Amino acid sequence: MIDPQAHAEILNQALPYIQAFRGQTFVVKYGGSAMKDPHLMEGVIRNVLLLDLVGIRCILVHGGGPEIDTWLGKLGLEKKTLNGLRVTDQATMDVVEMALAGRANKALVAEVQKAGGKAIGLSGRDADLLVADQISEELGRVGNVTKVNAEVLMVATSAGFIPVVCSVATDAKKQALNVNADSAAAAIASSVGASKLILLTDTNGVLSDKDDAHSTISQLTHAEARGMLDSGKADRGMIPKLEGALFALESGVDSVHMINGGVPNALLIEVFTHSGIGTMMTRS
Amino acid sequence: MIDPQAHAEILNQALPYIQAFRGQTFVVKYGGSAMKDPHLMEGVIRNVLLLDLVGIRCILVHGGGPEIDTWLGKLGLEKKTLNGLRVTDQATMDVVEMALAGRANKALVAEVQKAGGKAIGLSGRDADLLVADQISEELGRVGNVTKVNAEVLMVATSAGFIPVVCSVATDAKKQALNVNADSAAAAIASSVGASKLILLTDTNGVLSDKDDAHSTISQLTHAEARGMLDSGKADRGMIPKLEGALFALESGVDSVHMINGGVPNALLIEVFTHSGIGTMMTRS
Amino acid sequence: MIDPQAHAEILNQALPYIQAFRGQTFVVKYGGSAMKDPHLMEGVIRNVLLLDLVGIRCILVHGGGPEIDTWLGKLGLEKKTLNGLRVTDQATMDVVEMALAGRANKALVAEVQKAGGKAIGLSGRDADLLVADQISEELGRVGNVTKVNAEVLMVATSAGFIPVVCSVATDAKKQALNVNADSAAAAIASSVGASKLILLTDTNGVLSDKDDAHSTISQLTHAEARGMLDSGKADRGMIPKLEGALFALESGVDSVHMINGGVPNALLIEVFTHSGIGTMMTRS
Amino acid sequence: MIDPQAHAEILNQALPYIQAFRGQTFVVKYGGSAMKDPHLMEGVIRNVLLLDLVGIRCILVHGGGPEIDTWLGKLGLEKKTLNGLRVTDQATMDVVEMALAGRANKALVAEVQKAGGKAIGLSGRDADLLVADQISEELGRVGNVTKVNAEVLMVATSAGFIPVVCSVATDAKKQALNVNADSAAAAIASSVGASKLILLTDTNGVLSDKDDAHSTISQLTHAEARGMLDSGKADRGMIPKLEGALFALESGVDSVHMINGGVPNALLIEVFTHSGIGTMMTRS
Amino acid sequence: MIDPQAHAEILNQALPYIQAFRGQTFVVKYGGSAMKDPHLMEGVIRNVLLLDLVGIRCILVHGGGPEIDTWLGKLGLEKKTLNGLRVTDQATMDVVEMALAGRANKALVAEVQKAGGKAIGLSGRDADLLVADQISEELGRVGNVTKVNAEVLMVATSAGFIPVVCSVATDAKKQALNVNADSAAAAIASSVGASKLILLTDTNGVLSDKDDAHSTISQLTHAEARGMLDSGKADRGMIPKLEGALFALESGVDSVHMINGGVPNALLIEVFTHSGIGTMMTRS
Amino acid sequence: MIDPQAHAEILNQALPYIQAFRGQTFVVKYGGSAMKDPHLMEGVIRNVLLLDLVGIRCILVHGGGPEIDTWLGKLGLEKKTLNGLRVTDQATMDVVEMALAGRANKALVAEVQKAGGKAIGLSGRDADLLVADQISEELGRVGNVTKVNAEVLMVATSAGFIPVVCSVATDAKKQALNVNADSAAAAIASSVGASKLILLTDTNGVLSDKDDAHSTISQLTHAEARGMLDSGKADRGMIPKLEGALFALESGVDSVHMINGGVPNALLIEVFTHSGIGTMMTRS
């Protein structure tokens, strides 16, 4: 048990961090087990609210593979993948959109409201927030984000709401497309001029040895990350994260952080302490 | 085929209606078969956009019984009702929220975007827009709206977005409740100071003889509508509509309109022509 | 007699036109017999109000030759012209200003007010709105507009007033000059960034054969109009209209429309229907 | 010739007056010979501009009997009066409006512009600024102001324009009525919350002996002025001035000043010096 | 040494406090030894900055007895007191103002700037911020604050500056008066609608036994504090603090806190922890 | 004694000057005997207020050598100079800051308040308004202004306050430095885009013969002033004034005026009359 003076001294030490980040925008990609465990979810959301209250504009982006899988299972629809991507026929897309925009998104919004914040849940179809192109016939309703219409995010954050965005996009015909949430978060971070993109995952950041969970690389430059991708060293699930990170860095985001959402207060450790956890990527 | 001069003369005749309604807010409850037929949906949405463009602030509210039933069926969940209300256990509530917030809502938003408007889809859980209390243990997750937090609607309409709201509410624990869409629309109309509440249905308004689809009552006072409810003359599906209408009139809404959404351009006929269709209810 | 559904469908068809023109500015040069016939005047003004209400900023510009001639006649002053321009000695100028700023202008303002709009009448001497240089000694107080001080128009339209401007300008000594109303309208359209300049006349637009009222040219490019002027094919009264149109097109106005103000709802036909009437001029 | 130091000391002495009046609104009724002599007119306008520049919002109101008479004469129309009021048939009203709105008003506007200010000329028909009722059939188009729609004045002064208003009003049918300029000025002063109403006349204020131009009463209370009216002691031309003054005082105007516009810098003497000239009326 | 997770958890626990106080105004009376020890001063200022950054508007008020005594000593002026108040002849007042407005105030401002904040130093003579009446002839230039002109504080805080106010007031002749800093802080807290008034002292709050530094009363109601004053139990230096506290509570301030400024992070402990230190006074 | 008409005519003649200067910013360096004589001080302040009221934004800058010397004397500290600059050890700096920020500054602020204006006193340490570098070890705490953070001046003037700035700056460690007031005024004038820098002195401007008080040079170009400095013709006290003037002219200030503050209404004579007094410097 910490005494009040030690307690207060820790608050005191947050001053330079708050001074440095105040007025900036952070895009937080929320995912992995932190979405399944209610206690972890509550913790992440409270961390986001604290960032918001000290003057950092936060935008939450999420996907929800397990939620989708659960509903596909209940509906007796088979899950198919191709090169690690979900093959999404129209019937699957209907379930994807429902599970993300109708379930996962509203659960996160409710969590923010419960913690005393104000949130609006958005799909990429709302106000054409995320515009995408279909990747291929084979993958079906899977898309790449090609444009972000950020006006609705600006309106929401200016009015004090935390936007919670799910990874469903719109195509030119205003039909839904399934997009990767890491990529969507990176595209949003680029378009709103975020200073940080924080990816919450189930691993301890980027690993030098993908079989060793403790081999976290704490700092990674753009060139090094590009090297990992080019050399094929990156794990399949890591590819869209690294590509999103590279794109974000190229578009002016100062740093991309990949941290383990399962660690309590992971966001606060990363933002407000000297230690940091996981991997921080910067341009150089 | 109408010649250009007759055409222009009709536009010309819209002037006094636009002058009268400009700057007011209309809440449009969208429902019935107009939600199932894509062509009718497109027509209603275009009508709403036209109202919006001539300076009437529009808020769309919708439910989606058929969509819910479809998914319950696919999931093998039995539909149960009690006195005409859907008995909603937690498993059913999950499907209700998904079907409304994740499907019907986004389909309507996409339709507005396709027609060239800007829309944001909202659930009653977003920003605690609709707060409700559970009605009874027997009915399960079914609630009555007790409060409307309209700030998010104001922010959206001020920024030029058309809010599209589905009939899911939040309870004190931020859990989802299933609420009647007619009642939700009435509660919203009251809280935003709307001048008109327009209920799109599958019938030609309030009927004097519920078995005669042509027995539409074109004008109905608050007292007369109260009488219909008290005398038990009102059809079961009509009860929440009439109660919502009475509540809205008591809260300052000028008139409540019940019109057949299956009639092409029903909204424009009701708002912009001398004829009107369906039933108009006023305080006296 | 048109039934309500056909009626509403016509309103419905106005949607894409309103979406296209909303937020733009139209300068309407009002003239010809539409100014003498009270019924036509009322019709034009109601059309302008409708444009205004659907979000198009309208500025009315007018001259008033017949009104001037009437008063010259009553005062026993002879009307003199030189190459089709009114020779304007000081005594004539006094009558011109009175007839335009004191009669025609106020009659138009009153008509807007009667139709439920808000209008301010302005002379080019108000706030130095129209600055002109005298053309020649022989023509007397006749000028060419050299500068438009549009601030007062912006203040008026921003506050929801429709400006009604008569074709009297100020010279460097703040003395009144008589200017051509078509030219004044073109100068104003250029300076306020109007998208359309609409000239209401007594003919059916530009005629390919000036003796055949039915030989209207429906589309005319800048080059073709220049050709008509250079070849001397243009009617004397048509010259300032065509020159104003060319100037407006060169200054960024998207299109110039010359239409017959005597046709009921001419403005609405031109703006809101596929048909159009009269002549539309564009850059290419 | 005054030396620079005496000169500067006089400016210095203006400080407390400016501090007292800054932010207030003055309505100046401009009339009498100050309107006929160009040199006097220039002087008055420069005085008004100076008031405006030190932070006093000024509104100019004017009539123009001599200008009207001139044009009636030229047109061979007979001038008729009844109890000191101009009998105004429609033909006369046309001339009244032309002479006021088209001549006198624009001449004053031009004078403000020449002196480096920004002015907008307004008739009471613009934006329904002055609404009046016809007094009687016998007097024809003569009215009493019953309502002032001051919005256009607020818009103009907020944007830095000096409004110049002529004494023509609108009736319920938006037809022009001839109104007394002193009464119009009083009505405007009341409706805009002016602190001072200043009437420029040809006499040295209110006289105790109407045959002695030097018998100026320097201070007059509301009760005393009422007494003069009731006792029939007031000159015919003085009646509307005194009645306007009484109405203005009753409506919250702090003081009404009646001063000789023929005295150079009369406005500055009255506002900025200890001496004052003419008559000042206050509630008590 | 605390590990990063414990560290972050403590930040996490600040959330409800920030949510509760955000948008409120705190007036902090800075005094005692915390003003003499540079290290303590730096600590207090950093605490104030942290409050400011999480959205609490802070206003600092200070006196400076020791600084004054130092300069009186250097100048060979004798310090005289009467009933615990400094007898302030004009020569002493000159030194008081210099020492407070010219030394202590600017040292505090510099400390805020050094910590990365923005501060403006103000005397009660700036913009007539503190208006006071002289208490008695005997005490000389000593006053009681009778009015606070808070506009300058609002302008400063709205622009993001932290106002630092010293306890010098102005009298009706705009001459300086020496006022008690605790009273000045209470008057300011009342006039700006502060929710908390925090008095930093050299003792551990209000003591039940004035000779026992550890007999701190942690909670005190208005009635109890009034009782201490009436019973004469309060220490002389405590009297203006308690009277200021009572006045502040009566004027709508929610709570008054008396804490030991010598304890590191005393402000943060009091505001952000469950423990609190010193004495908190509330209405009941 | 001047009669009211001559009086008013002089006010009338101020019109073109007010029109020319309205909306501009003047920086007035206040110094010399005008600071010692209470009557002169009152006069200068009233002149500044008048400038302010006619729409000229005024910023007052002052030093206070005599005040400093008085307190050094009282404290028994020796005054040392080196090449005309005050050698300022830390003990002296403490006195400089107290005398300027705590005495002279507050006296001026009080004078503005007494005259009915609103003033805020500022040191260069407030909001880091004046940032300086130490000149040399020998001179001690003497600095050259290297940066002006003008935000606080903008906030103050926008809110209607007259800023009164004393010549104390901050260094990188937020310690006080003594700076020349003429140079500080020039730096401020440059950074706020002032049109005039007016230096009040004890002489009649720049003299062609420094021993002849009547040899005032009324106009001086930048080149001529540079010549005076280069040729060593300038008096020691004149050097920083001329250098400040040159810097100001190079930075966009239109004109620099050096006038005798001992002449009653010197500011008004210089700004509002044809005569002017003292020396006016312009770029060419």
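When the chains are written out, they are named A, B, C, D, E and F in that same order, and each has its own residue count from 1.
Please note the rule applied: a contact is a pair of C-beta atoms (placed from the backbone, for glycine too) under 8 Å apart; a residue touches a chain by one contact, two chains touch by 3 or more.
Everything quoted here is computed from the prediction, not taken from an experiment.
Colleague: What chains touch chain B and also chain D?
Modeller: C
Colleague: Going chain by chain, each one touching the next, work out the least steps from chain B to chain E.
Modeller: The distance in steps between these two chains is 2.
Colleague: Quick check: how many Å separate the C-alpha centres of chain A and chain C?
Modeller: That gives a centre separation of 57 Å.
Colleague: Let me have the rounded angstrom distance from the C-alpha centre of chain A over to the C-alpha centre of chain B, please.
Modeller: That pair's centroid distance is 35 Å.
Colleague: Based only on mean CA positions, could you tell me how far chain D sits from chain F in angstrom?
Modeller: Centre separation, chain D to chain F: 45 Å.
Colleague: Multi-chain contacts in chain B: which residues touch at least two other chains?
Modeller: none
Colleague: Graph of touching chains, which shape: line, ring, star, complete, other?
Modeller: Contact pattern: a closed ring, each chain touching exactly two others.
Colleague: Starting from chain E and stepping next to chain F, in what order do the chains sit around the ring?
Modeller: If we begin at chain E and move toward chain F, the chains come in the order E, F, D, C, B, A.
Colleague: Can you tell me which positions in chain E touch chain F when the two form their complex?
Modeller: 71, 74-75, 94, 97-103, 105-106, 109-111, 113-114, 118-123, 125-128, 151-152, 155-156, 159, 161, 168, 170, 173-176
Colleague: State the interface residues of chain A toward chain E in the complex, per the touch definition above.
Modeller: 2, 4-12, 14-16, 18-19, 22, 43, 46-47, 49-50, 53-55, 115-116, 263-265, 268-269, 272-273, 275, 277
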